[in-house]
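Mind having a look at this structure? Questions to follow.
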Amino acid sequence: MKKNSLLALLICLFIFAASGCSTENSNSDSEREKMSEKNKKVTMIFSFKTANLDPHTSFIPIRAGITETLLKLNDDSNIEGWLAEKWGTLDNTTWEFIIRDNVTFQDGDKLDAAGVKASIERSIAVNESLGESLKIQSIEADGQNLTITTTGPYPALPSELLNPYTSIVNTAAELEMGQEEFRDSPVGTGPFIVKKFTSNQEVQVVKNGSYWAGEPKINEATIKFNEDANVRALAFQAKEADVVYNLPAEGIEAIEKDKELKVESVPGLRSHFILFNQQSSKVADVKVREALNLLINRKSIADDIMLGHAIPANGPFNSNLPFGSDDAVKKLDVNKAKLLLGEAGYKENADGKMEKEGKALKLELITYNARPELPLIAQLFQSDCAKAGVEIIIKTVENADAHLVANKDWDMSTYSNNTSPRGDGSYFLNTAFTETGALNVGGINLPEMNEVIKELNKTSDLDTRIQLTKDAATIIDKEVLHSYAVYPNIIVGVNDRIIDWVPTAEEYYILTHTMDVK
Amino acid sequence: MLSLVRKRLLQLVIVVFILSIFTFGLMKLAPGDPVMSILNADEMMVTEANQANLRSDLGFDQPVYVQYGKWMHGLLKLDLGTSYMSGKPVWNEMMERLPITLQLTTGVLLVMFSISLPLGIISARYPRKWPDQISRILALIGASIPSFWLGLMLIYLFALKLQILPSNGMGSFAQMILPTFTLGFSLAAVYSRLIRAGLIECFSKDYIQAGRARGVKEWRILWVHAFRAALLPVITVFGLSMGSLLGGAVVIEILFSWPGLGSMAVDAIFNRDYPVIQGYVLLTGVFVVVVNLLVDLSYYLIDPRIKQGKEGSN
Amino acid sequence: MTISVDFTQPLTNDYVKEETFFQSLPLLEIKNLSISSLGENKKEDIKLVKNINFTIKSGEMLGIVGESGSGKSLTACALVGLLPKSLKVTEGQIKLHGRELLNLSEKEMRRLRGNEIAYIFQNYQGSFTPFIKIGNQLIEALRSHRKISKLDAKKKVLIWLERVKLPANQVFTSYPYQLSGGQLQRAALAAALMFQPFLIVADEPTTALDVLTSENILDLLVELQKEYNCAVLLISHNLNHVLKRTDSIAVMYGGQIVERGLTNEIRKNPIHPYTKLLLQARPVLSRVVPEKLVVIPGEPGLVAEQGCAFALRCPKSFKKCSILPKMQSVGDSQWVACHAADLEADYTNASS
C-alpha cells in the first residue's frame, strides 16, 4: 500500500543518512589517527559569532591567530612588545616604536613602519570609537621606526595598543583583493592563515609556515561559533571540539566525569557590582552606602550563585592583577550595617524596618537578564537587606543602560563590566567615574576622584600608575561609589589532547603557535 | 482570478505600509538605541560626547516621524538602508541569510509532510485502531514539547550518547537532520491530525461512495477524490505557518548555529539596529501576504467551486 | 431481443455474456438475507432487513417499493458491498450468476462494482466528485476496469453521453455543479450503462427530481435497459413509477418482503393488505376529488418486533400475526406473506 511503502522508504533514507554520517565520523577518526603524526588539527567553539573577519571590528582574527598587535599582555598582566620590539617615550606625547625586523605578512610582504602606519590609519577609519581611544594626532614611518604623536600627554597609549582593533594588517593586500574579500580573509602577521570563512558560522585556518616566532605546532584549526551554552557543552562532551569557551557552570559536573575532558576556571578581568544613583537622595549618605556594601554576601555569591566559579571582590580590579587591591574582602555583616544605618539617622521601627522621619527605607534596584547571574545576585541582596530592615524593590529591565539614563527614580543597579581589558585600570576609571564617561550611568562626579584620574592620565611610570590606580580604588571604597561583588571566572573546556596551552584571562591570545596536541 | 491577484497586491502594499509604521513606532518607543553597541562602549573609552555626536549623525535627535519619513524616502528609491552594526546594506544582509532560512524551511516542510501524511492517512483509514491512537499521542507530545527542549534532547541523544549525528552547524546533510526534525516534529503533530480530520470528513461524503460504486480503485479514491478536498484546511494552516517559518525559526537557528533570518532579527532587536529590523519586518510581511495569496489561488485549483469571494459548498 | 453492441474488448472476467445460456438461471438470487446493525462489541443489535428472498432474471426490471425505513436501500447497498461500517449482513446469500458475493474479497468486489453491478444514487449531486470534470470521472471509471488508453476511453465516454441524450462535449468538460439534476442523473446513467453491467441498481433515482424530469429519466432508463439487456433493480417509494415500468415488483415493509410477483398481476390483484392500501392511497388525477384521501392507518415506521412487521398498522391483523407469516405462492407468479390473506384464500377455497 502506498503509505506503508512511503514510510518504509523514509526509514531506509534515515538509516542510510545516519550510517553515512557515522562512517564519516569513523573515517575522520581513523583519518585523524593516521594524520596525527603529520596533520595536527584542533577544533574550537567560541560563544560569539561574527559576520566578517575584519580585525578592526571583530576580536575573532586575533583570537584565531590570524593577526597580531604592536604590544601584548603577558602572563603577569604586564605589557610587552609583540610586533614592536621596543618602545618608549620621553614626554608621553611622542612615542617611538621599533618594528621587529624579521616579520612578514602572510602573503610575503615585509612588515615595516609604513605598513604599520597604514594599518593603524585604516583601523581608525573603520572603527568608530578607536580614534577616541588612541588619541593619535600623527604617525611617521621610517624604515622600521614608527613615531606616534598623540594629541596630548597620553600615558595610556601602550595599553590602548593592546586592543585587538589595532591589529596590524596588510593594507596593500586589501587594495589588491578588494575590501569585501579582505574582510572575509584578512592578511595579518599571525601564525595562522585564513583557509575558509563562513559568515556567522565558522572559520578554518591553516598554519603559517613562515611565522616569525617559529613554526606553529598545529597544522590547521577550525573555530566554530555557537551562542547556546548548553549546545556548546554537549558538543564538548561529544568530543566535537577540543576547546570550548564559556561553558555553563551547571554542566561542569557532568563534563568532569569524563577523564578525557578538563574544565579550566580562569580568573577573569570582569567585575559584577552594584552602582548607585548619585542623584538619589536615599543613597546620598555615604553611611547608607557603606551599610549596603556590608549587606552583599560576596562569598555566597561566589559559591552558590556562581557555583564556585568566581572570586569575591575587594575592589574594581581582580585582586590577582598588579594594580588590584590588597584590602580584605568585606564580609556580610548585618549588625554592622544596622549600626551604620543608625548613624545615618535610621531607627528600627515596630515592623523591623529601618525608618527615618516616618518613612521606611525602600530602595529600587535595577537588574537585567542578559547576564543570568545578576538577577540572582539582586535577589540574594534583597533577602540580606531585609534582615537589616531595608526593603529592596527589584525591577528587571531589558536594557539597563537605556533605562538608567532615561529614568531618575532608581537607587541602585546591578552592573557588570570588563574593568581591565587591557591590563590597565585607566580605561575603567575614565569611563565609569568621570563626568563624561559613557559607563558613568550613576552620575559620579567626585572632585577627589577626578584629581586622581587626571594625575593617572598624565603618569607614565608603571609603578606610579599602579599606586595611583590603587589610590583610586581606595577612594571608591571609602566613598562606596560602587559596591563590587565578585570577579566571575572564565570557564573553558579543554580536551586532554591539547598540550602546552592554557586559557588566559584577557581572552585575546587563544590560538597560539605553541599550542600542541598529543 | 487576475483581479484577485491585483486586489491582493494592493493589499500587500497597504499591509506592509501599516506594518512598517507600527514597527517603527514601537521600536522608537522602546528604551535604548544602538549607539552604545556601535561604539563598543564596554570595551572602548567612550564619552557622552561621542554618543551624542553619533546620535545626531544617525538622526536620532529628530522627531520620530521625520526619521520614519527618511526611511520611507529611501524605501521608495528601493534602498533599505545600511545596518548600524555591520555597515552593510540591509538588503545584502537579508539576502545572505535568506538561503539559510530557506534551506531550513524546506527541510522542515519535507520532514513535516513525510511524517504527517502517512500518519494522517493511516489514522483516517483505520480510525480508533492503534495507528490512530499512536498518532494522537504523538500529536499531543509534539504540540506540547517546546522546540528548544526537544532540540537539546535530540542533540544529547544523537550527538552525545549515540554519536551518530553532529551537534550543530550547517553545511552537510547530517547537520540538517536534527534541526529540521526538531521543528518538523511539532508541526507534523498538528498537521497529521488536520489531515486525518479532513480525510475522515471526506470519506463520509456521498461522492466517495459513488466513486467506490463505480469500482474506482481504492488508492485513487484516497488520492484523487478524498485527498484533494481534505487538503483545504491543511493548506489554510500551511499558509499561516509558512509566514512564521520563513521569518526564521529563531530558537532552532541559535541552538544549531544556523545564521538565518531569525537570528538576524533577534540580534538586530537587541542591538537596536533599526534599519535591519524594518527591513526584516518588510520582508516577512511580503512573505506572509504572498504565501497567503498563493494559498487562496490554490483553493481555486483544488476546488473549482470556490470562486473569488464565494465559498464552496460541499 | 437485441444483441448488445460491444464497443470495447471482451470482459476479462470469467463470465461471457451469452444471453441464451443464462436465460434459464436467474441473474441475481437473494436468499434469506438479513442485515443487522452492530451494537457494542460488534454484536447484533437490531435486525433491519429480515430474511428476505427474491430473484431477478437477466434483463428483468424488478421494482422494490416501500416506505422510508423499509430496508430497501439497505438491501441495495448490500448487493454491492457498500453497507456502512455499522451494519452487517448477518444471514443469507447473495448470488450473482450462482456466484456467492458475500464471500468475495474487497478486491474482487471492487472489480464487480460498476462492471457487473452498477449503482445509481438518489442524491445526484453526490454521484460525482465536485471538483473533477464529469468526463474525467467517467474515463477514470472506465480505466479502473479496462486497460484502454485515455483517448479511447474519451471516445467511449462521449458516445455514451450522447446515448443518454446529453450534449456530449459540453458535459464532458463540465464540473458537476454546472449541471442540472436531470443532466447529472443522465450522466450517472451513462456511467452505469457504460460497462453494460448485468444489473443496474437504481436507488430512488428520481426522488429528488421534478416530475417531468423524473419521467424522462425513467423512460431513458427503460429504453437503454432493454437495448442492452441489463437487469434493473428499481427502488422507489413512488408506486406509480414502479407500476408503470417494472416487470416484477416486491413490496417491503419493516425489513420484510410482504408481497412480490409480476407487476401486472399485483396491479390487478393485490393480496397483501399493505399492497392494497398502497394502491388505494394513490391520488388519481382523472377522477373526481374524493372527500377524504385514503390513508394507511398508524404511523409510518411503526414496525412490529415479532411476527409480521405490518401487524401493528394492519386493519386485518389478528392474533396469528404475531407469528411470522411464510411466503406463499398465489398463482404462478405472485407470492404473499400474510396470515389474513391465507385465511381469505382458505375461505375462498373452501367456499368454491
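Order as written gives the chain letters A, B and C; numbering starts at 1 within each chain.
Here, a contact is a pair of C-beta atoms (placed from the backbone, for glycine too) under 8 Å apart; a residue touches a chain by one contact, two chains touch by 3 or more.
Quantities reported herein were computed from a predicted structural model and do not represent experimental measurements.
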Chain-level touch network, classified as line, ring, star, complete or other:
line
Please indicate the chain closest to the centre of the assembly, with centres calculated from CA atoms only.
B
Once every inter-chain C-beta contact is counted, which two chains account for the most?
A-B
For chain A and chain B, let me know how many angstrom lie between their CA-based centres, rounded off.
36
Between the Cα centroids of chain B and chain C the separation in whole angstrom comes to 55
What whole-number Å value describes the gap between the mean CA coordinates of chain A and chain C?
89
The answer for chain B against chain A in the complex is residues 30-33, 36, 38-51, 54, 86, 88, 96, 114, 117-118, 121-122, 152, 155-156, 159-160, 163-174, 177, 219, 222-223, 254-257, 259, 263
Chain B partner contacts - residues on chain A that touch it in the complex
1-4, 6-7, 10, 14, 17-18, 20-22, 24-25, 49, 51-52, 128-130, 132-133, 160, 163, 165, 198-202, 224-228, 230-231, 234-235, 237-238, 240, 397-399, 401-403, 406, 417-418, 421, 427, 430-431, 436-439
Which chain C residues qualify as touching chain B in the complex?
80, 82, 106, 110-115, 118-119, 121, 123, 125-132, 137, 140-141, 144-145, 175, 177, 191
Which of the residues in chain B end up touching chain C in this complex?
205-218, 220, 224-225, 228-229, 302-305, 312, 314
